[in-house]
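In what follows, structures are represented as structure tokens.
Each of the next two complexes has chain A plus one more chain, namely chain B in the first and chain C in the second.
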Partner chain A sequence: MSVTAPPARFTADPGATLSPHSYLDVAYEDKLALWEEVKADDRFADYLYGCYECGICVAACPSAKFYDFSPRKIAQAAAREDVELIYEQMNDDVWNCSQCFSCNRCPRENSPGGLITLLREVAVRNGLGTAKEALEGYGRVVYKIMTTGTQISPDMLQPDAFPDWGPDVEKTSDNLELWRRALPPETLHTTEMSWQVSNETLIELYLIWLHSDVMDMIAEADEGLHMIILDVMEETLEDAGYEV
Partner chain B sequence: MPSDRVVVIGAGPAGLEAARLAAELGSPVTLVEKMGVAGGMPVHSDYAALTHHFRSASDAMGEMVGAVTSNELIEMRVGTEVTSVEGELGDFAVTLTSDGAEESISAGAIILATGFKHFDPGRETQQYQYYELPDVITIAEAEKMLKDENFVTPSTGKPPERVAFIQCVGSRDRQIGNEYCSKVCCGISSKQAIEIREMVPDARVFIFYIDMRMYGYWENEIYWPAQEQHKVNYVKGIITEILPKNGRLVVRGEDTTMGRPMEVPMDMVILAVGMEPSAGTTAMSGILNLPTNKYGFVETAHDILDTVTTTVPGIFATGAATGPADLDDSISSAGAAAAKAVALLRSVAVPV
Partner chain C sequence: MIESTSIPLSAIRKPPLPNPADAPTEDIREQLYELEEAGELIVQRVPGPYIEVMTKYGRTKKIPEQMTWHHKSCGQCGHIPGYSTSIFWLNRQFGMNYVDPTDQTSCTAWNYYASATSNAVAQAAVASRNFAAAYETGYFPMIHCGTSYGHYKETRQEIVHHPELRRKVRDIMAKLNKPLVVPEEIVHYSEWIHAMRDRIAKKQVRDFSSITASIHPACHYYKLVTEDAIYDPDIYGGQRTATVTGIVEALGSTVGDYSTFFDCCGFGFRHILVQRDFSRSFATQRKIEIMKEEANPDVVITHDTGCVTTLDKSQFAARAHQRNVGVPVLSDAQYAALAMGAHPYRIVQLHWHATDYTALLEKMGIDWEKAWVEFEGDLKRLESGEIEYLSWEDADAK
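Coming up: the complex of A and B.
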């Protein structure tokens, strides 16, 4: 009796993963290298222990309610080191997570959300096309966070951009400054940022982003955005006497 | 003064069995019980039927208490606490306190059988809003309702149409600190599910679980009958939260087999709470100088070949004082503790 070779899709599986191959144009070794990069992160050991498959993370997850997304499957794929499945998730599932960390209720103290943070970082750092695509719409949010230290700012409240914010959004955005000044805390009398961030804090943030690989990741995801942000940062830092 | 007396602390199933067997082997025994009545958790928590034979708990405990009270070698001291212990193997001085009166007795060996307490889901984390929602109860409370043969939704007094069990509450949870399995809750929940289906035939009963741990014969005597004869629904996926909605409870979880989140209405939710060391186990391990593990259960000195010998010569521990135990475990280890205690006393040839 002769042994018939299995279909190509299931052969040459050096990692003996449980999942069939997908993304056939990407070599297994390249997928493996990405996974090794995730595992090499210092945070990894705190984010994954074992998994009961109890589903508490899925039930707690707001994204799982609306998308075909499961933090349990993220943890399971990682626990099994299923390189093929992890690569699929890195190109798709991880961008369905809102990073709210409700999944941290895990009875084994896993953090599927934390794993996703690492998977996303590796995806961005390595310039995966899907990561660039996923982040395309977030240029303005990233710009706000990176330059002002706050996220959504009041002047982003525009009826055309956020129709789901209700019928009063136009009225509010027309008189934005007035509305903001009506708020009791003075630190909220802002329109270009969510609240007043001190110069010292901004400088600290800029230095952290420059000295960690955050700016490199931005460059990998969006070169133009990287240049604009760097300009703003350099100006502030040079005014404060830092050489960039 | 040297003594061949065995003092057994705690008159639950393990203590009763240890006392009975030590006496049957010829040793005089003092059985000390803090509560006013012997029988331990099955009696004080009003257990209905025992897992897995469905035998009435009060009948079974009545038989155990009867075997002890009818034995002339055993002196039972209820409403009494052990407040200090001094001395060593063959010559312990045990102080008993009852109604403020102290008395010292001599003992050659001591058997600790102070058991467990049910995990309190409201403790620290307000799990599942247990303190707030009247229709969220524990398996301990369900036992009493089943014993009274009046199984109703607490808030309405009417028989429930839909009942959910949630497994592993307070067990297998690193965040709570109890990483161990409490061993009995899967069996008890399944047993209760059968009883509920018999008592309220129109009720649908769901068991939400991580793993069903149906050891040995529990598998064929409870688990499959629950599914095949009593149509209990087992769903692999634990409940994350319970929300009150339109006078009912909505349980949120993941149906992991189907791979999707679920929100299901229920009339009652029964939390399968696990075991923690009882107050007596905590107090006595201190008084007897017995090391405890990180969960507070008494650590026995040896490996799996000796489950009852402690690090202190002449002191043995049995039942759920040493960790989660079902009734079979408790009775078996009680017998071992009694036999080892009596054998040790004879081997050191204590003069009587």
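Coming up: the complex of A and C.
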């Protein structure tokens, strides 16, 4: 099914079927454009085959037990191409997903989690305000993975960042450099990255980021973070003789 | 006390072996060979000797014994380094030839599933770069992280099924002067442990027969591209993945079953970093408390970075709320290493874990106080400059 115009029920009485968070100030055409971007992704056809409404995905979903969240509604909205609801989900629901893919046990072989991956990606690429909000406080992790090639580092274990993990975090933090030297594998002696990554490897990683549009996505999500990451990459690449 | 709702393991009847010809999913390896024949990519073959295991639909998967390129895990190396150290230690105990490379990046999938600040081309290129780096050494990728394993399987399917994506990735690889390489099998380290479990049990020096262990299988191990996970008709009648349970049984421990076996740990990727109220609640109320009520295990054994982290670290805050928690959490690698006599601090590095593990060590017959004094002695040698790093030889010193 191809959607070219708003479904009648929305044009006739939009407010009647929409929730209070339906983003009525956003033009339908803009919402439709985002949905078309989701559908254009090569992976979309692998993630949606229809929906029995059996609810197996909801029963398996950890986020559904904690939030007002339903993977079944995600699959159904996508199957119906309910552009208004999809836009609402893209803003209010997708960041609740745990991305565990328990919903992949769907008897129709849908992947609501996969659909959410695509919805999130489009939300980030288009700089949606809710995506920026969801990523607030997450910038340091994006910085770490993009510049060091490892997601987290031992020196992230700070008591103020993990107060709920108990007093051992402070003990680890206080002894970090010493405890890292007490690890037999040589690659683990670092405190600033998960393991030692060679400079040549980082250069190759930076070239991947530059040649795969990821930097454009970061710019949409957080302009300041984009500048900082780009500075680190440029310095390393220029030192290695690359023109950026 | 809630009455147990779990099905006794003995009640699971053994069904007939699955016939690969009836598998509902494709065998991606056949398409890989076709693409290789067409000159589109290189398929890195599993080096011999290898061990053959059965996957979900009855297909055979090859697990290399050695010549492995260890694709490390961000969370393991960063915050629970005894996990990675135990994997390497086990390989060394069997004299296996392996590489611990610095020419490896993260798969970057933790960030991808958390923040979506990436895309299919970038993810496939990162995977391909790591695969090519392994291929150049002649060693075969052995994936430590469950998410890397699951994501690489997804990426492999995308590379095979989407020619335009494949072209873009090949173009990026060409800029790096690297070929587009895909391994014949995506192998998780816990599959190596599973395949080696009888040999590990033969080297067991500590009695684990009094220990009850509850198993948590990692979602990204068996829910992503499910047909690649190991199943065994002798374990759960072939109805659940056999990985992890296999080694726990081989070491003589009792498996403490519970009704939320299939639930995730609550890691959530973004949640564990910036929205931990979800992770803490789910890990303790849907996993640890249910295990305690239904199986009362001495330990939880799992096989992924996020699962160990979430299930272990979440218990401190729950204890403050008088919840029924307090079960140590280890990886299968750490459990196997302890069984084979590994030092609890020099190798298994339990001081990086949060939940009290001392009662477990006592049940294993380990004098943890003496072991800690030994480790403190190592730390003094490091502090004084007598040694710069703790070596493998230091770690195995009696």
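By our rule, the second predicted complex is superposed on the first by the 218 of 244 C-alpha atoms of A that agree within 3 Å, B and C clash if a C-alpha of one lies under 4 Å from a C-alpha of the other, contacts with A are read in each partner's own complex, and residues count from 1 in each chain.
One rule holds for everything that comes next: a residue touches a chain if its C-beta (ideal position, glycine included) is under 8 Å from a C-beta of that chain, and two chains touch if they have at least 3 such contacts.
Bear in mind that the values here come from a model prediction, so they are computed numbers and not experimental data.
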Practice task
Identify whether chain B and chain C fit side by side or clash on chain A in the overlaid structures.
Solution key: clash
Exercise for the section: Answer with first, second, both or neither: which of chain B and chain C does A:53 touch in the superposed model? Expected result: first
Exercise for the section: Determine, under the contact definition given at the top, whether A:70 touches first (chain B), second (chain C), both, or neither. Expected result: first
Problem - Contacts of A:105 with chain B and chain C, given as first, second, both or neither - result: both
Exercise for the section: For A:79, select first, second, both or neither according to whether it touches chain B, chain C, the two together, or no partner. Expected result: neither
Practice task
Based on the superposed arrangement, let me know which partner A:145 touches: chain B (first), chain C (second), both, or neither?
Solution key: second
Exercise for the section: Would you sort A:232 into first (chain B), second (chain C), both or neither based on which partner it touches? Expected result: neither
Problem - Larger contact residue set on chain A - chain B or chain C - result: C
Completion exercise
The clashing stretch of chain B against chain C, among 59-67, 95-103, 131-139 or 149-157, is 131-139
Handout entry: Doubly contacted residues of chain A, that is, touched by chain B and again by chain C
Key = 60, 65, 105
Exercise for the section: Mind listing the chain B positions that touch chain A in their complex? Expected result: 168, 172-176, 210-211, 236-241, 252-256, 259, 261-262
Problem - Residues of chain A touching chain B in the complex - result: 49, 52-61, 64-65, 70, 72-73, 105-109
Practice task
Show which residues of chain C lie in contact with chain A when the two form their complex.
Solution key: 72-79, 81, 84-85, 88-89, 100-106, 108, 110-122, 125-126, 129, 133, 150, 157-158, 161-162, 164-165, 168, 171-172, 175-176, 178, 219-220, 223-224, 226, 262-264, 266-271, 273-274, 276, 278, 280-282, 286, 313-314, 316-317, 346-347, 349, 351-352, 354, 375, 378-379, 382-383, 388-392, 394-395
Completion exercise
The chain A residues in contact with chain C across the complex are 41-43, 46, 60, 62-63, 65-67, 95, 98-102, 104-105, 117, 120-121, 123-125, 131, 134-138, 141-142, 145, 149-154, 156-157, 162, 164-166, 168, 172, 175, 178-189, 193-198, 200-202, 204-205, 207-209, 211-214, 217-218, 221
